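Shared between the two complexes below is chain A, which pairs with chain B and chain C, respectively.
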Partner chain A sequence: MAGTDTKSSAAATVAGQRLALLRRPERPVHLSVTVALVLFALFALPELMSAYYTGYMTLVAIYSIVTLGLGLLVGRVGLYSLGQGAVLQIGAWTAARLLFATGQPFPIVIIEAGLVTMLIGTVIGLPAIRLRGLYLALITLMMAGAITVILATVNFPNGGGGFTGYDGQQSHIPPIRRPSIAGTDSAYYRYAVVVAILMFILVYAHLRTRPGRAWAAIRQSEPAALAAGINTTYYKLWAWALASFITGIAGGILAGDAHYLYSINFSTQDSIILLAVALMGGVYNLWGAVIAALLMQLLPAVLQNLGVNYAWLTILFGIGVLQVLTTAPTGLADQFPKDMKKLGGLIWRLVRRPQPGASASASASGGAGGGST
Partner chain B sequence: MIEIENLTVRYGGVTSLDGMSLVFEQGTCGLIGPNGAGKTTFFNVLSGFVRPAAGTVKAFGTDLLALAHYRRARWGVRRTFQTEQAIEDLSVYDNVAMVASPLRGAARRADVLAAIEYVGINVPPLAKVGTLGVGKRRLVEVARAVAGKPRLVLLDEPAAGLPEEETTHLAAVIRGIPEYTGALTILVDHDMSLVSAVCSTTAVLDFGKLIASGPTAAVLRDEHVMRAYLGTAEV
Partner chain C sequence: MPSWSELEQFLVSGLALGGVYALSGVGLVVLYRATGVLFLAFGAVGAMGAFLTYEMIQASAPGWAAWIVCILFGGVVTLIYGMIFGPALAGRDRLVRAVATLGLTLILLGAMELLWPPTSGAVRAISLPTDNSGFTVVGLQVSWTQVIALGAGVVLTVGTGVFLRYTKLGTAMRAMANDREITATLGVPIRQVEAAAWFGCGILAGFSGLLLADLVQLEPATLTFLVISSLAAALIARLRSITVTFFAAIVIGVVHDMLTPFNALTNYRDLTPFVLAVIALLAVSRHQTIMTRSSEES
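Then we have the complex of A and B:
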């Protein structure tokens, strides 16, 4: 459908082109599939899922925000971060502290947590002004390690006093509160999905406008970006700030989801797993972030349900990353529709060969082809 | 008008530009010289990638060297690169729209579309640059260089690797830039036929030193220039 789109605007006048640019009637099939999936996730899924899977799907919504931020850094700007797990911890810690200490509404608290995380995360991103690739990844990994150690020492807030909000003597630990409209697990799942959607829209809006252009230029050629008047330092830090902000918000949702936070639940290894699943899901496509979160959170739950030790996952992820990097560098989100299209075409050709009586199966394969676009 | 005075650039022990003093008046000016003569270094100084050891550059009354590199584009410096630097992930429109511009809103969109139309690229503005051939990508770069009210357009071997008919088209585009934008255009190229077809005046660099400048036809006949290019022994 992109073909007909471009052909028509080629023939159009400047005025027509201008109109086409403003409207950008992009991929209607893609849009309807997105809307359908979002509606399904919001309204149908909570009714269908058991309590077990509701909990894990909430984590999927939360971690899709984290991998969205990581995908933004890696895929759009070309900055490899191995510190996103730590950034998530900062968001969770800040939100928990604020939820215990103040009576502010939940949404205000998670925005504040996002802003605090944005500040600290941007500091973590400062080396990115000069460094790229392996060195940047290494430095962010070390920062993540340092933050994990610090938070393990000060502990996560449990309703105590002082700056840290931790009281080791406390016998009754109050749970971290949730928003009043999302007290139950399935309501909280919906809440997390809505926040995730808002974060995806925020990032999408960035990608479609000036920052997105600047990031694409920086990723391919910094000299070209500079020659076009793009302040590369500013836009790199902006990317870091945006990724940290949404990751901080994810941390806030995570705090409300968990009710109780312990430093033992966070490890530096999480940051590495995050990069692995983000690469597998695909960092050049927003859907990649959702797939990455499914791989990271839902897959272990499914395996556990089936009685498979989920330690196998580390091996599986290793193989997965290798597979993706060698055969499909753009990740599953880009590769899967292509494969489905190929499969659809294959089935189409198979069923077309015997001419009579093929109408029923032909329509089925047509449906598969349409859904893959 | 751009006045360059005593411009010197050193990389360690290598003197890449050696006390270059030159005035580019207006229109399209050529800058030629053998490999390693300092042509690209000169462009890098103007666009801020290289800090000169000495010298001043005054462009239309502004001290260019005092501006940070990304601010020079806002002031009106544009350049293309020896190896083409169109951004593959972006559309033709976005590739041109990424350049700094004093225009806003609808005027800016119109300016970007006009630049795309001016270079005669003949593909829809929303086409991804990654799908285009090298000739079209060069034109995208030139479109970026003429958008957003430029004052100084630097073209670094824009015709490198292009077949003849595309070079002819490019020559017409480059010749029209001063009229289209009002900007002073400086063209670096090895292709003498392109330079003599496009440039009214030409300067010649050799080993970082200016060895000739003036009307293009006269410069190309100059004996120092012949010697630099053909390697005649000094007597």
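Then we have the complex of A and C:
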């Protein structure tokens, strides 16, 4: 009796610790900055932006979900996928088909798109997950290529009938609908941001609980994780399913955003650029996903505004990948604050250095301040 | 159902395409075995070389000079990349080293889009003098370019096999494929051997870029991602055997082209390399060979 009591109380303590772990914000400053940024993105930004940038910032919100999923796979579990662009296409296709075929509310449709994508992703992932490292990356590249070829032939739905929903003869193509509360571009931008925040919360909750710990163990060493009693296949598949789910949801939002989808707008190159920006943004940090999306979607818009050729950006991404892999594996999200800190320290030292000497010329400006105190 | 006489012509073009895939696949496997790097920029390097050739021919330079520039460009760019990033990433996971070559792919792709933006009207093309001359075999029209493509594939596979088996440099490369550290301890100048492997792979990239630009199309993204087809052949051979790579490449090329006359399948013929590679990878994974190998490597 006493034994079970201590056992249950111990279990309660563990459960309490777990809850505390979930609740305790890692760094209060970080949390408040995050909240401030989210509020700014939701309320201030749509008022400040032109229509041009609203469109691109909507894409940033959408692609931040995609890079979040990719960052989860690469950074947290160590599964390199070169096929996330194709997963996004599956989500967009499913959502577009359902939006044309049914009158269901938009949120229901994007959740369904997420679930269908998750199902397809898991079916594809189940055999692929047996492979590791380089071979997994290559099989995802092959599958992405295959899906792109299939969708280029099947085409995206344009309001036609049948399973594919594509009618080549159609003269008037109806646009893919948006939710009634988010008909305008700026309202749809807010809608996309809210969905993105929900996805980030979903992934964050995973990372702070059992699956997150299991993934961390798997990334460190799969045999060790296996020895510790973690069902590695199950958790790897879980990560795969979660990433597919959120990418599918991003695809659904993308369908509503674009209004018209064409297979010519998707290519195998996208999947590679996605991995490139995810690595540049940083895969070990959730902010990295946002930075990656800004790099991929906002930077081209800014450059286009300045009249710079998009090809320069492709070159920049290439250099970025090489730089990240050789010198800064944590990506911009971790590297940038560090560099700023270093730079701050350097400036601080440069400013401070002349003072101990207190030579007349060097302390001319600094000395005045010192004198007044 | 198309008749055999319709299919025959596609058999010839398929063999030629397979020959070039074999050329690229063997280049990829040899470099991978010697240095541990899967060179995913193979297609982009060849494509850029082909564009340089196109530009030189437009400037009415002699054809042979333009072709040599294409091939040398491949060798030099690959060698430079290998010399800079080979040592920098030597201690890292094979996956990271493969992903890094995607960086080079993007740089070259961007440069090509910048220098040769898509044209709306005139289509760019390279034509080799061997395109229009040819001969007829059992009623089939065969061009010399097709003969060169298949022949190069065969000669190169046999040549590389002989080279790896009987020459000193080849032996050094095989030793490095087994264990880099021990090979270095035995006094093999591994940096020089690696440089030779990089340069050789680049030469092949330039050569296959030239042939593919002629046989397929001179367009940056198409040529860059054709590497995936030869990669599929290399994967079927588990990145090890050049003989298997050769035959897999021929099968991919022939199946791809022979599907063309089938109305129901013609749009799906580009799936050929992906489907074959996925099946091969999954078949391999059933025997867990990759599991043990990759855990040894990491």
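The rule is short, and it goes like this: the second predicted complex is superposed on the first by the 319 of 373 C-alpha atoms of A that agree within 3 Å, B and C clash if a C-alpha of one lies under 4 Å from a C-alpha of the other, contacts with A are read in each partner's own complex, and residues count from 1 in each chain.
Quick note on the criterion: a contact is a pair of C-beta atoms (placed from the backbone, for glycine too) under 8 Å apart; a residue touches a chain by one contact, two chains touch by 3 or more.
On a predicted model such as this, the values are computed, not experimentally measured, just so you know.
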Which of chain B and chain C A:216 touches, first, second, both or neither: first
Chain B versus chain C as contact partner of A:145, first or second or both or neither: second
Chain B versus chain C as contact partner of A:240, first or second or both or neither: neither
Partner chain(s) touched by A:227 [first = chain B, second = chain C, both, neither]: first
Partner, of chain C and chain B, that touches more residues belonging to chain A: C
Partner chain in contact with A:166 - chain B first, chain C second, else both or neither: neither
Touching partner for A:137 - first (chain B), second (chain C), both, neither: second
Partner chain(s) touched by A:188 [first = chain B, second = chain C, both, neither]: neither
Chain A residues contacted in one complex by chain B, in the other by chain C: 223
Residue numbers on chain A that touch chain C, as the complex places them: 80, 127, 130-135, 137-139, 141-143, 145-146, 149-150, 152-153, 222-223, 267-269, 272-273, 275-276, 279, 309-322, 325-326
Footprint of chain A on chain C - complex, ascending: 38, 85, 88-89, 92-96, 98-100, 102-114, 117, 221, 225, 228, 231-232, 235, 267-268, 270-271, 273-275, 277-278, 281-282, 285-286, 290-291, 294-295, 297-298
Sites on chain B touched by chain A in the complex: 47-49, 69-74, 77-79, 81, 85-90, 93-94, 97-100, 109-110, 113-114, 117, 123-127, 144
Chain B partner contacts - residues on chain A that touch it in the complex: 5-7, 9-10, 14, 17-18, 20-22, 24, 210, 213-214, 216-217, 219-221, 223-232
